[in-house]
Amino acid sequence: MSATSAPLAHVTSVPGRSSRLRALVRMPGAVAGIAILVIVAAVAIGAPLFVHSYDLDVTKVNGPLLHAPTGAYPLGTDQSGRSELLLLAWGSRPSLLIGIIATALTMVLGTVIGLLAGHYQGIVGRLLMTVTDWFIVLPSLPLAIALSAVMGEGDTSITIAIAVTSWASTARLLRAQTLAVEARPFIERAKALGASNTQIMVRQVLPNVVPLILVSATLTVAGAILDQATLTFLGLGNPTEVSWGSMLNTAFANGDITAGAWWTLVPPGLAILVVVLGFSLTGRAVERVLNPRLAVER
Amino acid sequence: MTDCPSRPEPRLRARVVALLAGALVFACAIVGLSTAPGAARAASSSTSTFIGELDTSVSNFNPFLAFEQGEIDTNDMIYPTLTFGNEKNLPGPWLAKSWSISPNKLTWTFHLRTGLKWSDGTPLTASDVTWTYNLIMHNSAAATANGTLVAGFKSVTAPNASTVVITTKQPLANVLNDVMVIPIVPEHIWKAHVKKIGTFTNTTTPVVGYGPYVFTGYQPGQSVTLTASKSFFGGVPKYHRLILNYYANSSAAVAALRSGAIDSVGPNEMTSTEWKSLEHVPGVKAYQNVSNDWYAVEVNSGAKTRSGKPMGNGNPLLHNPVIRRAIALGINRNELVQKTVGGTAVATGSYLTVAFPQWYWTPPASQAQNYNPAKANAMLTKAGFPKGKNGYRYDKKTGKELSFRLGIHSDYANDAATANYLKGWMKDIGINLNVQAMSNTQLNDNLAIGDWDLLMDQWAEGADPTYLLSIQTCGVLPLNKNGSGGNTDSFFCNHRYDQLYNAEQHEFNLAKREADIKAMEKILYNADDDIILYDDNYLWATRTNYLKGYVYGSANSQGLYPLQNYELGWTKAIPAASTSGGGSSSTLIIVIIVVVVLLGGGGLLATLRRRRTAEERE
Amino acid sequence: MSSSSPNLVADEVALGVESASSVAPGGGAGRDFATYLGIKLLAALVSLVAVVVIAFILFSIIPANPVRTLTQGRPVSAAELATLRRQLGIGEPIYTQFWHFLDNLLHLRLGYSYQFRESVSSLIGQRIGPTMLLMGTSTLISIVLGLWLGIRSGWNEGSRFDRIASGASLALWSVPTFWLGIILLVVLSVGFGAFHGIFPAGGMHSPTAAPGAVNTVLDVAWHLVLPCLTLVLVVFAQYVTIMRSSIIDELGNPYLLTARAKGLRDDEVRRRHAVPNALLPSVTIIFLQLGAMVSGAITVEVVFSWPGLGYLTYQALQLPDIQLLEGTFIFFSAAVIGMNLVADILYRYLDPRVRAQ
Amino acid sequence: MLLEVNDLSVTYAAARPVHAVRGVSFTLDGGQTLGVAGESGSGKTTMALALLRLLPSAARIEGSVRFQGEELTTAKWGRMRAVRWDGASVVFQGAMGALNPVRTVGWQIREAIVQHDRGAKGIRGRIEELLESVGLPARRYEAYPHELSGGQRQRVMIAMALACRPDLIIADEPTTALDVIVQGQVLALLGELVRESGIGMIMISHDLSVLAETCASLAVMYAGEVVEHGPSRELVREPRHPYTAALAAAFPKIGDPASRLAPAGLGGDPPDASLVLPGCPFAPRCPVVMDECTSAEIELWNAGLERRSACLRVLGDAPETAAGTVTERSG
């Protein structure tokens, strides 16, 4: 037995990057989520490699119309004789793209307003928070419907409608976090050294809230994809575009329910479910890793 | 907050509540099952109820205002009209037994049936007719629905209780068709409503009227109940009750027909996919009527005001008839019909529809603009629009690409489906279509001010073609650039066409009128302003195992039935002995009961076990 | 919008509740409550005014010339079109329009629907019943089910039950509501193969329903099952998440140890101590979430053609019937603002800690 | 004998099992008071909760706890619940959330009574008496915890602990977070109760001075083990273990939260409870450590009349040495 005192294990206070990664890998949910996202991203990016323009052109395809799955068409065909499988692959592109762009808009809007509201705690901050609270309270789908109706049908208006109806919760989170960060001593120091408001917000606070933005963004994408599908289903999207939402809209309007054409109804919805689940799982996992408090409590 | 822990276990209470809730849901399901297929029909055929589908939502049965098809259908059953569309869809006698026209063609004399009484017992006389017509002619609010039809009338008078005389300003060829759709209301009831005629909804049942049925029940937006009239001159309808139900969603209506909950669905809401799913259902007859509804691509060949000032931002390339013709040749109507509407339409390029064979024009084979992309390509190249590197043609003079906007209705699924085909075909002939989905209102707004290149459009032809022909005349071009004063459909204006139009509506020689009208159709066809794609058949389905004697008419060579006043079907149908086979559903009920009992029992057992072990766990 | 994340939403809204409760100024409890109420009422009123103004501005932008849309397919003359334009107030200057709009609003007139030729208020009046029935039933079931499962899984955090319940709620949260409705329609209404559907494909009444109050109730209940089930499945998942995290927040609290030390059984500790504490934030959040519920109700009503306000909104969207769309938007917003007010008051009333402040 | 604890160990199941309490033994009679001292994480609260098996399910309890002759570690849960509060109640830190915030004080006391006597009558009067006996007005029955001051809440806690007339009270940090005056009042109240009703009491605190004042005997815990045990006055005056000495020397200011964490003048942290190391667990921090401390088998040796200590130095050296050294160093 050696005489040297046994090394006392210290509780690691801040997990390092590698330990965060390790923590992520240990969570089965996170692994599943990330795997889903990787696969879907690969399909979306690689779609042009295996989906050709003539596969989507209704005047060029010659499959049976609205036919149940067969060997040649593993997920059956749609009303125009196009392969549902190829449509599904292609449909991932607008669905993801709109989700991500809308999220980016949401994050920019939410972060700017959250930071401002947290930093300027006077009348400006209170005013911004009032507006934010107002947006949180408003029922989002009627608002999004109204916005889309005003801006006209199409992807742009859907994207904007989603951003306008989702930024408020991000702003609120960001404000709370900004308040917490600004209470720390190093901000005091920066102020004493004569840092300007902008410098404090951009150089000091922003880097500290980035993890939160990341988590919030991942979870917002999930919501945005759902919203995009819902708005498209309600007929506010571009009906000639192939997206999961419009596939469902078309199938529903075409009466595929009555015809029992499940193959046009089930796959797009499942795809949405899986992608949303992927983002949610990943978001929650990242949340846990970045915020140990949540890991303990949830 | 509970204050005393020694009361009966709240946990137990919660479980009881949960059990009760479960039982309630289960009860609803079972009741639903028993209300569902067979049982309901058996019950209702004993009281002989015919249940049909309302075409549209209904909210206003004031015949002076009503314009939704469902409302018009209802009013057809409860109010008389002077003439009636018979089985050949020609004006036949109704309130008027017979009629005659003066040699100068300006005076029409209608001889009415006598001894008829409104449903409240008041005699129905010629003064009711004249009162109704005069109200429409002289009260702008009352003219909302049918004002246009009487616009050419000079006076409507009743020399005696059984005679009505209509004089027209000019000889009018379509009087008998027009009076066919103007319901006549009881003067003694409606006098009181004149002041507020523009807002009166006429939904307080029973409604005083005269017809095969009496309006006896109304559920806002949902359904209309009509009861057979005992005193209808044409005989008491066999079905004692007629319920017309509105299904907001066609799949619900189809499901109801399938389960036997209703006797008839059609014609507006069902998609071809849904209709086809009914073709092989036993006891169901799925059939199609030829249609008076065309579906077309409008081409903006140069929007202008009535005084000829150009307006709007339409692409000037479309002024070129070669390009318009190329577009027409580039469209494969037959494939469109086969693929977008499952073959349930008649591919045609004629402006007037197949529903009215006397006016329907078919181009001679030499002039037919059949699908011919090679020809279209050759024409365009020859006209100075060579193909660019990206496959799209451009104007050699200006370098501009042949790229047009195609406006489609975002709320109409068929527009989107069609647009996909048009885009593909146009690409084949080097034309780029930029599809823009917009709301109905937005699209119409753009149309009115000429801010469009191509758009999808749809019109129904009336019993008389004059109105539909009128929207292509120069007289309906807008007065100024904001589109006001206009009622045009594609800014078409052709003087030869206008001449024919003026001749046609005053022409009493049927053969001559037919020739005029067909000449007009030919002008439209060759102008390629309205590229008609097809006439969309009306899709119907009826329960043949419940009803007999339903009037379908006789099918043509393509298996299409003639366009019919469906009042005919409804009034002549006879209830058949119902043979509802509830076998499969009762098995299902048993299966469900067993499953629920098993689940419930399992849950109860689990609960009990849990209770027992609860003492031992922390 | 319909979908703040299942985790973050609880945090956010909890923040909201805290800030709401900290507003209360000092003073006697009675007067205090009046002040609190006053502030909340005023805030709600301001929100409502903002909604109204925004609605007017938004809907003024839409091209509002429905005349042609309304007359499409029927014979009209150019003169009649002009008359109709005048009747609908098209082309009036914007301030006149705003004045009419405000005047109407003050008299609770929400405008006129071109499509239905009826006042928007009376249309909303007709449709509110079915929506309340659908939302009420499904909210109630969701709350009971969601809270029960949430309590169970939160209390036994990490157990198999918890993992299944949390996983299921996350999955259900990820399901597009309308799609779930469609699938239920296909499976339980249309049927497949030898299985014929057992529920109606839409609407709220069967034309064949026998007369009588009992039959009507049963008929409506039969129609209610599928739309209600759809909403419950999507919504209860969120309540599970909310309640679960509320319970977990309570788990570490010393008073639970006290309760156990008193000799209470585990379920007694949970029921009498943990749940009443965890319920407070949950109930408030659930009230605040009713806005999301509205979103769900719209899509479900569309799928099942349930004759409620959501379907009315959808119908208004088609033309679009602008005043109707505007009316339903204002109505939904007012309803949600009202619910928030109720939540604020409820929270204040339920929690003795806040009540006494 | 009211309570006999023998070789009590608590282990938390984990990837690396955490040994929170290691082989604690003591006895307690009615009317006796035992103080348990130690810094945070020393296992004193875990030990106390283990007596009534109030620990989370991950904790494994070994050894024996005999309460009024009944073995509690293997008793059925139903029996266990019956013993709780009725036989042995706990005074938690009332000021720190041990009372349910949404229930009235009266409700919470009533719950305890009804739990053990379903047919109890005149409960309200009894509760009001109880409240008065701890120096609270009877009308406080209707009060919610947040309406009371910290001291009042602690009194409620004590009243509640007495509600079922238990034979043993375990007071876990009953005075933490109270100000000096209130702390004194509460301690006086507790002492009085024990004297008057002959209840046995175990009082747990990080604060040696508080314990010395209230309890007849004291046990000092370090790293889950009792390192010194004896009559409180002597133990404080003449510590026989360097850790006790450090605690006693620190004599922290009452109510100073910093003093809870580590006794003054003692560097380092308590050892990781998941490690099982040979020798004295205090060795790494011990100011008077000897070579054999890290390897020798350490037991609780006799160290004078009624006194025991787990320091190697009590075996050979004079009792004063350990304490003396510390005093020198700290002085």
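Lettered A, B, C and D in written order, each chain numbered from 1.
In this section, contacts are C-beta pairs under 8 Å (C-beta built on N, C-alpha and C of every residue); 3 or more make two chains touch, one makes a residue touch a chain.
All of these numbers come straight from a predicted model, not from anything done at the bench.
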**OP:** Name the chain with the Cα centroid closest to the overall protein Cα centroid.
**Re:** C
Original post:
So which has more C-beta pairs touching, A-B or A-C?
Top reply: A-C
Original post:
Taking each chain's centre as the mean of its CA atoms, which one is farthest from the centre of subunit C?
Top reply: D
Original post:
Hey, how far is the Cα centre of subunit A from the one of subunit C, in Å?
Top reply: 23
Subject >> Distance between chain centroids, defined by C-alpha means - subunit A, subunit B (Å) >> reply: 42
**OP:** Mind checking the centre-to-centre distance between subunit B and subunit D? Centres are C-alpha means, answer in whole Å.
**Re:** 85
**OP:** List the centre-to-centre spacing of subunit B and subunit C in whole Å, with centres computed as mean CA coordinates.
**Re:** 34
Original post:
Could you say which residues in subunit D touch two or more other chains, in rising order?
Top reply: 102-103, 111, 115
Original post:
Do you know which subunit A residues sit against two or more other chains?
Top reply: 149, 235-236, 257-258, 260
Original post:
What positions in subunit C touch 2 or more of the other chains?
Top reply: 62, 185, 190, 201, 260, 265, 272, 276, 317-318, 320
Original post:
In their complex, what parts of subunit B are in touch with subunit A?
Top reply: 250-251, 254-255, 270-271, 273-274, 276-277, 332, 335, 339-340, 342, 408, 410-411, 413, 415-417, 419-421, 423-425, 427-428, 435, 437-439, 442
Subject >> Residue ranges of subunit A touching subunit C (in the complex, touch as defined) >> reply: 133-134, 136-147, 149-150, 162, 165-166, 169, 172-173, 176, 215-216, 219-220, 222-223, 226-227, 229-230, 233-236, 248, 252, 257-258, 260, 262, 265-266, 268-269, 272-274, 276-277, 280-281, 283-284, 287, 294, 297-298
**OP:** Using the touch definition up top, name the residues of subunit B that touch subunit C in the complex.
**Re:** 1-2, 5, 10-11, 14, 17-18, 21, 25, 28-29, 31-33, 35-37, 40-41, 43-44, 49, 51, 57, 59-60, 65, 67, 140, 143-145, 147-149, 151, 201, 219-223, 243, 245, 247-249, 251-252, 254-256, 259, 261-262, 411, 439-442, 444-445, 447-448, 458-460, 462, 467, 476, 484-487, 584-585, 588, 592, 614-615, 617-618
Original post:
Okay, in this complex, where on subunit D does subunit C touch?
Top reply: 49, 52, 54, 81-86, 89-90, 92-93, 96-103, 111-112, 115-116, 144, 146-147, 157, 160
Original post:
Where on subunit C does subunit A make contact in their complex?
Top reply: 1-9, 11-12, 15-16, 47, 50-51, 55, 58-59, 61-62, 170-171, 173-180, 182-183, 185-186, 190-192, 201, 245, 248-249, 288, 291-292, 294-295, 298-299, 302-303, 313-314, 317-318, 320, 325-326, 328-329, 332-333, 335-337, 340
